[in-house]
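Both complexes below contain chain A, partnered by chain B and then by chain C.
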Partner chain A sequence: MRRTREGLNRLLLAALLGVALLLPIAVRTDQYTLVLLTTILLYGVLATAWNVIGGLAGQLDLAAGAYLGLGAFTAGTLLIRLNVSPWLGMVLGGLVAVGFAVLIGYPLFRFGVKEVWYALSSAALVEVLRVTFLIWSQVGGPVERYLPYHEWSFYHLRFATYMPFYYIMLGLLALALLVNHWIRHSKLGYYLMALGENEEAAEVLGVNTQKCKLQALAIYAFLVGVTGSIYACMYGFIHPNFFSGPMSIEVAILGIVGGMGITYGPVMAAILLVSVREFLRANLGGQLEGLYLVVYATVLILIALFRPQGLGPMLRQAYDRLLSRLVKE
Partner chain B sequence: MLNELLRVEQLSSGYHRVPVLNGVSFYVREGEMVAIIGPNGAGKTTLLKTISGLLQPTSGQIFFHGQEISGQPPHTISRIGIAHVPEGGRLFPNMSVMENLMMGAYGNRDVLKTGVLDELFELFPRLKERRHQLARTLSGGERQMLAIARGMASRPRLLMLDEPSLGLAPILVEAIYDRLRVLRERGLTILLVEQNIHHALSLADRGYVLENGRIVLEGACAALSQNPHIRQHYLGL
Partner chain C sequence: MTDTLLQNLINGALTGCIYALIALGLSLIFGVMNVVNFAHGDFVMLSMYLTFWIGLWAGADAVFTPLLTFPALFLIGVLAYYALIDRTLRQKYVTQIAVTVGLMTFLRALTQLVWKAQPRALPYSIIQGNIQVGPYTILASRLVSAVVSVLAIAGVYLFLSRTWAGRAIRAASDDLDAASLLGVPYRQTYALAFGLGSALTAIAGGLLMTFQQVDPTMGVRFGLLSWCVLAMAGLGSIPGLLISGIIVGAAEAVGMSLWDPRARSLIVYLLFILVLWLRPRGLFGRK
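Right after this comes the complex of A and B.
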C-alpha cells in the first residue's frame, strides 16, 4: 500500500516535471504564451521564497519588490558598466539583497517590530528604495537603462526569445522548492514554525527568535534578489519601478492563498491566480479599464471566504482522496 | 540544608513604564516545590516572565545556582535549565503533539537521546495516544498536560508553572495536580504560580503570598493555610 502510494507520488512529480519541461516546445515561437508561462514561474519563485519568511516564520513581509529591485539593479548595473556576466551578477544581486535585508531586519527584530508594524515597515522599504533610485541618477534615474542587446548570448544572459528564461526560471523554482523543503524538515524550520505560531512560547523554550527570523529573511531576500537579476535580463532594462509595492503585495497574497507554510502551496496559487489574472486581463482588459482587477479581486475574496486555509490544503485533500481511491482498486 | 537553586533579590519589573513588581525577594531550594499565590493582577505572571527573561527587571537581581541571570535573553535562560510553562499553555496549535514535545527539547537536542520522550509518555499516557494529532484538537486538560510535558522535555532543573489549573474542570485540576505530585516525588524543583490556592497549598512545601507586587506573607504551606488572613481572603473560611 505504502509503496504504491509513493510510486504514484513519484509518477505525478515526474509527469509534472515532464509537462513543465515540454510546455515551451509545444508553444514554440508564441512569445506571448512564453512570457506568460515565465511570469507564472516568476511569481511561483517569489511566492515560494516568501513562504520562508511569511508562511513558516509568520512575518507578513511586504518587501519582495525591494529585494527584487536590488537584485535587478546589481546585476543590471554590473552588466551595463563593467560587462560582468549576469551569472555572476545574480549571485552578487542575491548577496546585496541579503546585506540590505540584514541591515533592515536586524534593528526591526532587535526592537521587536512585529505583525502589522513589520508589514508596514517592510512595505515602506520598497517605496523608500524606489524613490532613492529615482533620485540616484548615477545608477537609477527616471529613464530606463537598457542592457546591451544580444540575439543569443549565454555570457550576457540575453536572448531574443523568452524560451531560455522559462527554463532558467524553472530551475530557480526547483531551487526555491528544494530550499523550502529542506528548511521545512530542519531544525530552523521547526523553530520558524514555532515562533510563527507563538513567539513567546518559542522564546521560553530556548529559540533565539531574533536570529531565526533574520536567517529566514536572509534566505528569502537571496532568492528574491537572484530572481530580480534574471527579471532584469529577461525584460532587457532596469528602472526604479522594479521596486514595486503592488508586486510585493501580490507575492504575499500568493503565499497566503497558497496556504501558509505549505511547500507547494504558493506555486499552486501562482499557477492558478496568475493564469486567472492574465486570462482576465487578455479578455476583459480591452473592455473597461480595471475591470479585470475587479473580477480578480472577487476571486480572491471568494477564496478568503470559502477556503481561508488556502488552496494548498484543499488540493492536498483532493489529491489524497484520489490516491486512496486509486490504491484501493 | 539543601542548596538554593533560585534566588530573587529585591526584584522590580513591569511593562514599559508601568511598574508591577516592587522589590520582590524569595528563594527556591533544590528539590523543593514553592507556590506563589495571590489574586488577579498581583504580578504573578510578571514575576515568572521576568525570571524567564521575557521581561527585563527595572532593578534587583535573579540568581540561578549562584550565578546572576537577570538581563539574559529568554533562550539563554531556557538553555541553562529553567523551563517556563506559560499561562494557558501557549502550545503551537498547528503542530502535532510530538512536534510540540520536540520543540521543548530542541534547545538541547542531546536530551532526546536520553529517552526523555518515553518518560514523558509514561507520565502522560494520553499524549502518547494522541502524539500524531494537532495540538489544537486536544481537550483543555490534554493541552495543559502537553504544556507541562513540553516544559519537561528539556530536562530542566527548575520547572516554572503559570496557573496550570486555569480554566479546567475540577476533575482535570485533580489530574494535573496528581501529575505534579509525581514530578515532585521524583525530586524535580518546581515553582508554581496559582490562584487555585487550596490545591497549591496542599501540594507545595512553602508558599509566598504576592499582593500588589509585594510579598506580604511567606511560610510553610501548612502554616499558611492556617493563617487567618489567608483563610479569610483566599479560602473564604
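Right after this comes the complex of A and C.
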C-alpha cells in the first residue's frame, strides 16, 4: 500500500510537470494566454520565495516590490548602458537585492523591529525606493527606459514571443520550490520554523534569531531580484513603478492564503487567485471599472475568515482522501 | 529663505493636526484591541468621497458634512467590527492583516466603481481666504482644520477620561481579562472603539476636502502616514500623538520645499523607518 501511494504521488507530479511543459505549446500563437500563464508563474515564484521569510520565519515582509524593482533596474541598466547580457544581469540583480536586503535587514533585526512594525517598515521601503528612483533621473526618472530592441536574441533575452519567458519562469519556479524544500529539511529551516512560532523561546534555546532571519531575508531577496530582472526583459522596459506596493502586498497575501510554511501552498494560491483575478478582469473589467476587484477582495476576505490556515491544508486533505480511495480500490 | 522655511513649517504643522486626528482613530483601534488595521487610510479615503457626495447632493459645505458622515462612518466601523474583525481576534496577526487588506482592496475598488478613478473635488469651501501674520500667510482653511482637529482630539480625550464607556475602552486596552471580570463587555467595547476610530476619519475627511481632492489610491498614503505618526508617538499618549502629527506634517512640508515636491512621501517614510530603528516604543510611549 505504501508503495502504491508513493507511485501515485510520483505519477501526479509527472502529470503536473507534463501539463506545465506542454501547456504553452498547446496555446502557442495566443500571446494573451501565454502572458497570462507566465504572470501566474511569476506570482508563483514570488510567493514561493516569500514563503521562506514569511511562511517559515513568520516575518510578514511586504517589500517584494523593492527587491523586484532592484533586480529589474540592475539588469536593465546594465543592459542599456554597458550591453551586459541579462543572463549575467539577473545574477547581479539578485545580488544587488541581497546586498540591499542585508543593509536594511541588519539594523531592523538588530533593533528588534517585529511583527506589524516589520511589516509596515518593509511596506514603507517599497515606497521609499519608488520615489528615490523617480527622482534619481540618471537611472530612473518618470519616463520608461526601453531595453534595446532585437527581433530574436538569446544574448539580450529578447524574443518575438512570450513562450521562452514562460519556460524561464517555470525553471525559476522549480528552483524556488527546490530551495524551499531544501530549507525546510535543513537546520536553518527548523530554526526558522522555531522562531516563526515563538521568537523568545527559540532564542532561549540558543537559536541565533538575528542571523537566521537575515539569511532567510537574503535568500528571499535573491530569488525576487532574479525574477525582477526577467520581469524587466519580458516587458522590455524599466520604470520606477516596478517598485509596486500593491504587488508586494499581493505576494504576501498569496503566501498567507496558500498556507504559511507549506512549500506548494503559495503556488496553488497563485494559480487559483491570479487566474480568478485575470478572469474577472477580462470579463468584467470592460463594463464596470473596479468590479473585478470587489469580487476579488470578497474572495480574499472569505478565505481569510473561514480558512485561516490557508488553502494548502485543505487541498492536501482532499488529495489524501482521494489517494486513500484510489489505493483501496 | 528663512521666511519660506517658516512659512512651510506653519503650513505643514497645521496639516499635521489633521494627521494626528487620523492617527488617533488608528490608535484607538490598534491600542485597544491590538488589531492591525491596514484599511484605516481607506476609511479616510471613503470619508472624503462621502463628503464629496453629500457636498454635491445637498449643496453642503465640506465643513458641515461630518454631521452626516460621522454617524455613517461610525456605523460602517461597527459593522466592519462585527462582520470581520471580531472573527479574527483569536487568529494570528497575519490573518488579521489578510482580512484588513481584503477590506482595503474592497473599499478602494468600491469607490472606483461608484465614483470612477478620476480625482474629485468640491467647489470652494466657505473657509477660503487667508490671514496675514507679519510676513507669513496662513490659509484660513488650514487654520480652521487644525483648530477643529485639535478640538476633536480634546473631545476624544475627555470622552476617554470622563465617561464610563471611555474608561471601559481604556480598561480593555490595559488588561482585557481584568476589565472583563469587572463587568466590561469586551465585544461592545471593541465595537465602540472600532466605530469611534473609524468615525474620526469622517471629521478628517471633511476637513481635508476643504482644500484638496480625492482619488481611490489615496488610502495607502493616509494609512502609512497614520502608522508613522502612531509609531512616533507610541501607544497611550494623546498629546504625544498631536506633537508627532505636527512633526510629521512639518517635516513633509519642509522636505517638499527644500528638496523636491515629489519627495513628499519619501521623507515621511524615512522618518518612520528611523523612528522604528531608534525608538521602537515611540517618543511618548507608555507601553
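Here is the rule we go by: the second predicted complex is superposed on the first by the 329 of 329 C-alpha atoms of A that agree within 3 Å, B and C clash if a C-alpha of one lies under 4 Å from a C-alpha of the other, contacts with A are read in each partner's own complex, and residues count from 1 in each chain.
The rule we apply is simple: contacts are C-beta pairs under 8 Å (C-beta built on N, C-alpha and C of every residue); 3 or more make two chains touch, one makes a residue touch a chain.
Model, not experiment: these values are computed from the prediction.
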{"item": "Of chain C and chain B, partner touching more chain A residues", "value": "C"}
{"item": "Touched partner set for A:Tyr190, first chain B, second chain C, both or neither", "value": "first"}
{"item": "Touching partner for A:Leu108 - first (chain B), second (chain C), both, neither", "value": "second"}
{"item": "Contacts of A:Asn198 with chain B and chain C, given as first, second, both or neither", "value": "first"}
{"item": "Contacts of A:Gly206 with chain B and chain C, given as first, second, both or neither", "value": "first"}
{"item": "Which superposed partner A:Leu12 touches (first chain B, second chain C, both, neither)", "value": "neither"}
{"item": "First, second, both or neither for A:Ala282, with chain B first and chain C second", "value": "neither"}
{"item": "Overlap of the chain B and chain C footprints on chain A, listed as residue numbers", "value": "none"}
{"item": "Residue numbers on chain C that touch chain A, as the complex places them", "value": "30, 36, 84, 87-88, 91-95, 97-99, 101-103, 105-106, 108-113, 116-117, 216, 220, 224, 227-228, 231, 260, 262-263, 265-266, 269-270, 272-273, 276-278, 280"}
{"item": "List of chain A residues in touch with chain C within their complex", "value": "54, 58, 60, 107-108, 111-113, 115-117, 119-121, 123-125, 127-128, 131-132, 134-135, 245, 249, 252-253, 256-257, 260, 288-294, 296-298, 300-301, 303-305, 308"}
{"item": "Contact footprint of chain A on chain B as seen in their complex", "value": "52-54, 73-75, 78-79, 83-84, 86, 90-95, 99, 102-104, 106-109, 150, 154"}
{"item": "Contact set on chain A toward chain B in their complex", "value": "187, 190-191, 193-194, 197-198, 200-209, 261"}
